[in-house]
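Presented sequentially are two complexes of chain A, the first with chain B as partner and the second with chain C.
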Partner chain A sequence: MSRPVSTISGQSGLSSSGSGAPLGGQGRSLKATGDDIWKNKTEKINAELFTLTYGAIVSQLCEDYDRDFAKINDQLFQMGYNIGVRLIEDFLARTALPRCEDMVRTSEVISKCAFKVFLNISPKVTNWSANKEAFSLVINDNPLSDFVELPMDAMKGLWYSNVLCGVLKGALEMVQLDCDVAFVSDILRGDQLTEIKIKLNRVLKDEIPIGED
Partner chain B sequence: MAIETILIINKSGGLIYHRNFSESFASKLNSNDFLIIASTIHSVFAIASQVTPKALQLTQNKVDYTIPYIPMVGMESSANQNNRGNPEMKLGSYKGPDYFRESFVSWNKSGLRQLSTDQFTMYIYQTMTGLKFVALSSNVLSSHHTTANGTVDKTKSANLASQVADNFLRKIYCVYSDYVMKDPFYSMEMPIKSETFDKKVKEMVNNLL
Partner chain C sequence: MSQQIIQPSTADPSVRDRSTGYEYTVGPKPSLPDEHMRSPLTSRLYAASLAAGKQQVSLAAMTFLFQEMIAYLHKNCTSVTEFEGRLSAYGESIGTKLLELLNLRSSVAPGSSSRTSTFLSSSSQTSTAAGSTTAGSATARSRSGTVTSSRSGVSASTHTGTAPSTGPASAASHSNGSATADSHSHHTHAHIHQTESLTSQITRMRRRDLKILDILQFVHGTLWSYLFDHVSDDLVKSSERNNEYMIIDNHPPLTQFISGANNRVSCDYFVCGIIRGFLTDAGFRCKVTAHTMPQGTFDNRTVYLIQFDNQVLERENIRFGQASS
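Up next, the complex of A and B:
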């Protein structure tokens, strides 16, 4: 516990609502937990290799699906989903974080721990719905889309980083949160922001493992 | 703590991994027996969470489920590493020397965590996704083993053993998340056939001896 506990001055004071002190394992803040795991417990790979590999996948899909961007989006989502349902185990094994009591907490775990541990970014959490069940993640430095410029025909249809939505959907489903995850806007398409919307449909109460509470 | 057997049970009670590490009672059972044991553990686990007395349930929010971090459980000792001239042990996508190094909160709050008999002790670690990691240990927390202040020692050692087991099983979970979940040819909820995973688990069990 030598690490200083930095207070989470959440996006526009959101963290103060509901969840109280946003603490991770050992009473540290989620941010400190995420930073520590990223720094000391995770092997890194070359970011450019990663970006280029993803680019190769997307461009190959464009070829395979004859530039039918709706299908490509679905395919990327499906690929992400299959990653997410497996990646969640890695995340839980690494962090051992307790179950989130509400979506506010979930959003913080996603932004400060999950994105941090796997991609070394912390998307901003904004645009809360009134009932606090839907929010947006604003990604400033999307590592998937470094070096990328969409061709004219793809600007309208393709969600280039749609794999992220799939990953989130799959991972959340495995911890019994049935959510809709979709891109709202993407800098690659000429928008101001890269924004992913996450909306909780319901908590799959029947599927919560027995023994948790 | 000598581990006889490791079982992994998926969220629907199916046995997806089982390995015996010594010629003991467990190795006399066939694979069908283990399937039955797995689903029995799965249901007894659920029943255990139901039989918690009401009085305990009401005060349960005061229970501390934190498991302290016990350094290097199941890891190769540094002396051994130096002997082999191999200072860094490969831990997959985890950066050494240990898989984690902070205390953590158990997800298993009302389910079965430990079962002690005269022959063996069983430890269960359940993850948030419903996966169960089960370790059968030949160590017996027997009542014959009375010291000067017998009862106190017994609970203490039982507690320590269960903490070691939780630390160990979380590490098995780490290995599982690396070598099973990231195996592209593994299909979810199906038996684990990965040899690398097998090797890693074996190493960790041997280090524990």
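Up next, the complex of A and C:
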């Protein structure tokens, strides 16, 4: 649907890499884009209200599912997925970014633009696999988990911020990237880092719905 | 739930092991056999500062989350009343927390730090708009205060005690003759990462609001500014019933993307819940309902109707009888 746009600006993306600019150069421009959109084109709201609302959701789920944390994780993931499939539209409309040519570029867009525009954070991209198809996002100041402390039983089973995985999964799927997204570790569980692993399974074929085109 | 709080006195391990990891008389407790071996997790919560940060997220992120919350309730509720009640319950859990938090933050003596007004972003805007030299020196003072406290461990005295002139001097003496630009970057760095204790800025706690009007003013002003970055558009007393008050928002931010007046008003019960939790915990038992009342160009104008319990009015009459009515 956004074919023409993606090819036009895709060329501009290629030309910038063709002119010999290192990856960092691309990253900087993405960072500038993200910062600019956040600063000038985004309506904002108190992050604490956001944190508190998410906290209310999770604690209510804990009650509704009788502290069955596997089910709660699934439910949070599902909620995130539902958000993600619609959020990507919002994201593309705001940023007008071109199609990403590879996962490296995708990771940069996720970290420097997507997280920036919606949550005002930029997770670090690390732990690339050898074939450059899997990477990790390390989140330092997760606004979802501010002022959160898990009870000991939840520390074992609950991925508190699992909604993020769902959002990433849903959003990536809508741009034809079938990925596995899951938490590896979470500071709330006593780990050193909060890390989300994203692994590309395959690139989905761009199927045009019957009756269009 | 109550059955689970009271632990049955039985030897059957299947019952006993159904632990929630939290003993209500003791606090967190290990629920796994090997947990004793692990070093106890030091709580970061007590180290976190309650000082108002300027953290923000996009309204889009918030409304997406809000929408999922509503969708979840939609699936699980059978009637509108149940839906509104449960949505309100979400809000109440937030309102109770905000009562304590905002009281604490309002207690910060004005002028003790540049941060005092950050949660009232409207007033922070006016202070920058004024752009006077006093505002500038205030920030400079608090910045140098942060730096000294991060380096030498002095916290409270530097904030209140130092005169503006000695502030930069003490900062310079600490910077070991490094370049000014470097020390300045240090300032901002410290300003972001140094968690500053809120209590060090409070000399006297704000008094609890005892009168209906006072607490409503607090909701109308402080709570609304905190939640939505502006005071509510009106606070009105009902002319027909003397236990009814109305808080009016011309453009409720959270529900602005929801279509259909009836649907929207049901979703406004989240904010009703926040108000109710806030007031109830402050000792003003009440019922809060939302009503849509378009006026002029404000199609989404919402009235939050607060109906106080009779006991609240009686108490007010006894305590402040001559003054109020």
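FYI, the second predicted complex is superposed on the first by the 178 of 213 C-alpha atoms of A that agree within 3 Å, B and C clash if a C-alpha of one lies under 4 Å from a C-alpha of the other, contacts with A are read in each partner's own complex, and residues count from 1 in each chain.
The rule is simple: contacts are C-beta pairs under 8 Å (C-beta built on N, C-alpha and C of every residue); 3 or more make two chains touch, one makes a residue touch a chain.
What you see is a predicted model; the values in this text were computed from it and never measured.
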Greater residue coverage of chain A in the superposed arrangement, chain B or chain C:
C
May I ask you to decide whether A:Ala154 touches chain B, chain C, both, or neither, giving the answer as first, second, both or neither?
second
Counting only touches as set out at the top, which of chain B and chain C does A:Asn127 meet: first, second, both, neither?
neither
Looking at the overlay, does A:Ala47 come into contact with chain B only (first), chain C only (second), both, or neither?
second
Is A:Glu63 touching anything from chain B or chain C once the two structures are fitted on A? First, second, both or neither.
second
With both complexes superposed on chain A, which partner does A:Leu92 reach: first (chain B), second (chain C), both or neither?
first
With both complexes overlaid on chain A, does A:Ser185 touch chain B (first), chain C (second), both or neither?
neither
Once the two structures are fitted together, what part of chain A is touched by chain B and by chain C alike?
42-43, 86-87, 90
Sites on chain A touched by chain C in the complex:
38, 42-50, 52-54, 56-57, 59-60, 63-64, 67, 75, 79-80, 82-83, 86-87, 90, 117-120, 143, 146-147, 149, 151-156, 163, 190
Flag every residue of chain B that touches chain A in the complex, lowest number first.
11, 45-46, 48-49, 92-95, 99-105, 107-112, 126-131, 170, 173-174, 176-178, 181-182, 188
If we count contacts the way the header does, which residues on chain A are in touch with chain B in the complex?
25-26, 28, 36, 40-43, 85-90, 92-94, 96, 98-99, 174-175, 207, 209-213
Show which residues of chain C lie in contact with chain A when the two form their complex.
1, 19-22, 28-32, 35, 38, 41, 43-45, 48, 53, 55-62, 64-69, 71-72, 76, 89-91, 93-94, 97-98, 119, 226-229, 253
